[in-house]
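Should a chain be cited, it is by its letter among A, B and C, assigned in written order, with residues numbered from 1 in that chain.
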Amino acid sequence: MGSIRLENVSKHFGEHAVIPSIDLEINDGEFVVFVGPSGCGKSTLLRLIAGLEDVTGGRILIDGDDATAKPPAKRGLAMVFQSYALYPHMSVRSNIGFPLKMANLDKAEIDRKVNDAAAILNLTDYLERKPRALSGGQRQRVAIGRAIVRSPECFLFDEPLSNLDAALRVNMRLEISELHQQLGATSIYVTHDQVEAMTMADKIVVLRAGNIEQVGSPLELYRSPANLFVAGFIGSPKMNFIDGKAAEEFGAHTIGIRPEHVALSTESGKWMGKVAVSEHLGSDTFLHVDVPELGHITTRTDGEFPVRHGDTVFISPDPERLYRFNADGLAA
Amino acid sequence: MATTHTHSAARLMMAPSVILLLLWMIVPLSMTVYFSFLRYNLLMPGTESFAGFMNYRFFLTDPAFFQAIGNTLILVGGVLFATVAGGIALALLLNQPMFGQGIVRILVIAPFFVMPTVSALVWKNMLMNPVNGLFASLARFLGFQPIDFLSSIPLTSISLIVAWQWLPFATLILLTALQSLSEEQNEAAEMDGANAWNRLIYIILPHMARAITVVVLIETIFLLSVFAEILVTTNGGPGTESTNLTYLVYMQALLQFDVGGASAGGIIAVILANIVAIFLVRMIGKNLED
Amino acid sequence: MEVQARSNYFHHFWNSVAISLGSTVIGLLIAVPAAWAMAFSPTKRTKDILLWMLSTKMLPAVGVLVPIYIIFRDLGLLDTRIGLIIIMMLINLPIMVWMLYTYFKEIPGEILEAARMDGATLGKELVYVLTPMAIPGIASTLLLNIILAWNEAFWTLNLTASKAAPLTAFIASYSSPEGLFYAKLSAASTMAIAPIVILGWFSQKQLVRGLTFGAVK
């Protein structure tokens, strides 16, 4: 089926090692998200799996078979590109049917599969149009349609939502998740957006500078980040980091406090600060507080918390949910 | 894309173009350099002998040479000025929404597609002819004495013909540049209180600066080699009044059969063109990076 | 040129057609692979090669007039169509490579990768994806080069007499009035410029790109 295993995979561009060495196990049917800041090697890793780049060293096993030297089309994978990469001169029908045509399926079979895919993706009314006559979301669906008609072992998504506007992005996120439930095929999804990673993934792989920082389910990463980088990357708003004397009090080199894990009060508390900016969202209130000695602390509380710029507030961290890191930045 | 086997194939695909152009550049040019140091006349084969810098000395002391250089510069400068100034004006005009824009554009661009010999002959016989030409009739109608353009002001007349041919090129490029100016920039300037004149000086012309430079450089390359227009109108005359460097070399080579002298002249033309080419290549090279 | 040659207008018209079409088609066969390689498999030297090609275009024709004339005389290429086809092809080759390069550059690499993921072999990729996407660029290049070759008036005037003379050279022989001069000149001129003005109208956008080597789009 669709299990993928990377053994000691590395990639160099000239002298530059984009990926020094990676081992990774992806189980059949999993939705795996590669996440990390730009330039962390996540797209390169996806392209290595796709076969669009040659590995410098190591092996890629798909379903237990060594696929390292196989051409992309022979790996049983389908990819959705960031720019969608639709063929501009072909109709939606021909775009979706193209991989089947390349596999020399007969016309009736192609038509049947294209119609099925179009039905799943709500594209039935647009089959005769050219890509340029479609909206961004529709183009995205055509790109997905082109991937699903092949019934691949595994779907690869390369930042597929980054060209859509915010509202559409949330919609497509849901659609892709739903599609995954429906089809049950393994999916590898690359993004720099940790919200996409948290909401969609069964398993998140956090990458930095070509190395895996941590692998785990979204909540595992949220609850027990392995190091400062993962702690700062997962969660929104970002975790607050405090070092120095205040951290030593808790027996750590650095402590991390998530904005949602503090108690706020206007009367008393552990640390006193002044509100720099308050953001009232109705459901939540975000406060950006200047605390002398500690610096800038972001807090998040449910519902309304009626303070304004310049008001004094007291912040108390929840000692149960405080993250401790040693001098090397590793969770202690 | 980035897989390894494609690179050697790429080299093979480029080879024919590179080899052909390499031959085209090196073989004749080195022959020209070689000939320029010979005493060599096509009518007296077998009498070639080494001449040192004689051909260059001959060329560089010939009064016709200096006139030709002067004429070349006047022709290039005059046409450049006329086409750039006219091109900016026409581009601004054509960029306005107006009735029949498509037709007007065809008419403005058409002269560029007329072959040089045809346009030169039409100007010579139908417009500038002192007896039957349109200009002469017009002058007589207005009560003036018609002038014989090509004998009394030959260089100006040729410049006029050449400018007519190149005006569409300048217009087309400047118009293209103008159309890439975002409407928002213009509107922002308007909000900032700039009037039409200010917008031209501070927004539009700076935006077109690169296109103008490209026009100047490319036209210069082509204008240094104006030939057919001179051949069919004045034959470089009267005397050498309308002879440019290209035409002078042509006369030396194919009318007087002086291979050595013509080659020396050719090399001088190559050097002149290279001075312009260096700037143009640099500019386009920079452009490649973005 | 002799007087009787002038009556044979169509002879020269066909010379023009043969020379401009011939040089353009041969040029494309050579330029397409080169531009293709540079656009899709660029190396560190690609940019230098492109600029060098451009610089050959800036070589003034008179700089090589004498040797080309002598080589053509010795090889029996003077006043032949094939000779002019070679010259036209060479002088326009840099423009062709450049124009094609700028067009090919605009075909996104991801599309080619998508085709490979979809299982297209190199041959199928060429037939179903690349060629349809490249055709507009190739057509524009074809058009512009036919125009440039049709109107070229240095080499055609210097390397032909009558047999292979295209319209540019033929019409230049009308330089002094005689007989039914105006009627003939008008007729010949109209026929010489009409086809190319029409082609030119279609290609005005490409003209900008081609003649500025992609510096203005």
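The rule is short, and it goes like this: a contact is a pair of C-beta atoms (placed from the backbone, for glycine too) under 8 Å apart; a residue touches a chain by one contact, two chains touch by 3 or more.
Predicted model, so just to flag it, every value in this text is computed and none were measured.
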item: Highest C-beta pair count, chain pair; value: B-C
item: Chain whose average C-alpha position is farthest from chain B's own; value: A
item: Chain whose averaged C-alpha position falls nearest the assembly-wide average; value: C
item: Whole-Å gap separating chain A and chain B, where each centre is the average of the chain's CA atoms; value: 57
item: Centre-of-Cα separation between chain C and chain B, whole angstrom; value: 18
item: Centroid distance [mean C-alpha coordinates] between chain C and chain A, Å; value: 51
item: Contacts with two or more other chains, residues of chain C listed in rising order; value: 113
item: Multi-partner residues of chain B (at least 2 other chains); value: 1
item: Junction residues of chain A, two or more chains touched; value: 52
item: Contacting residues of chain A [partner chain C, same complex]; value: 50, 52, 71-74, 77-79, 81-83, 85-90, 98-99, 101-103, 146, 150
item: Touch list for chain B against partner chain C, complex; value: 1, 6-7, 9-11, 13-14, 16-18, 20-21, 24-25, 27-29, 31-32, 35, 42, 105-106, 109-110, 112-118, 121-122, 124-126, 132, 169, 172-173, 176-177, 180, 210-211, 214, 218, 221, 224-225, 227-228, 231-233, 245-246, 249-250, 253-254, 259, 262-263, 265-267, 269-270, 272-274, 276-277, 280-281, 283-285, 287-289
item: Touching residues on chain C, where the partner in the complex is chain A; value: 108, 110-111, 113-121, 124, 128-129, 132-133
item: Partner chain B, residues of chain C touching it in the complex; value: 30-31, 33-34, 36-38, 40-41, 43, 47, 49-71, 90, 93-94, 97, 109, 112-113, 147, 150-151, 153-154, 157-158, 167-169, 171-172, 174-175, 177, 181-182, 185, 189, 192-193, 196-197, 199-201, 204-205, 207-208, 211-217
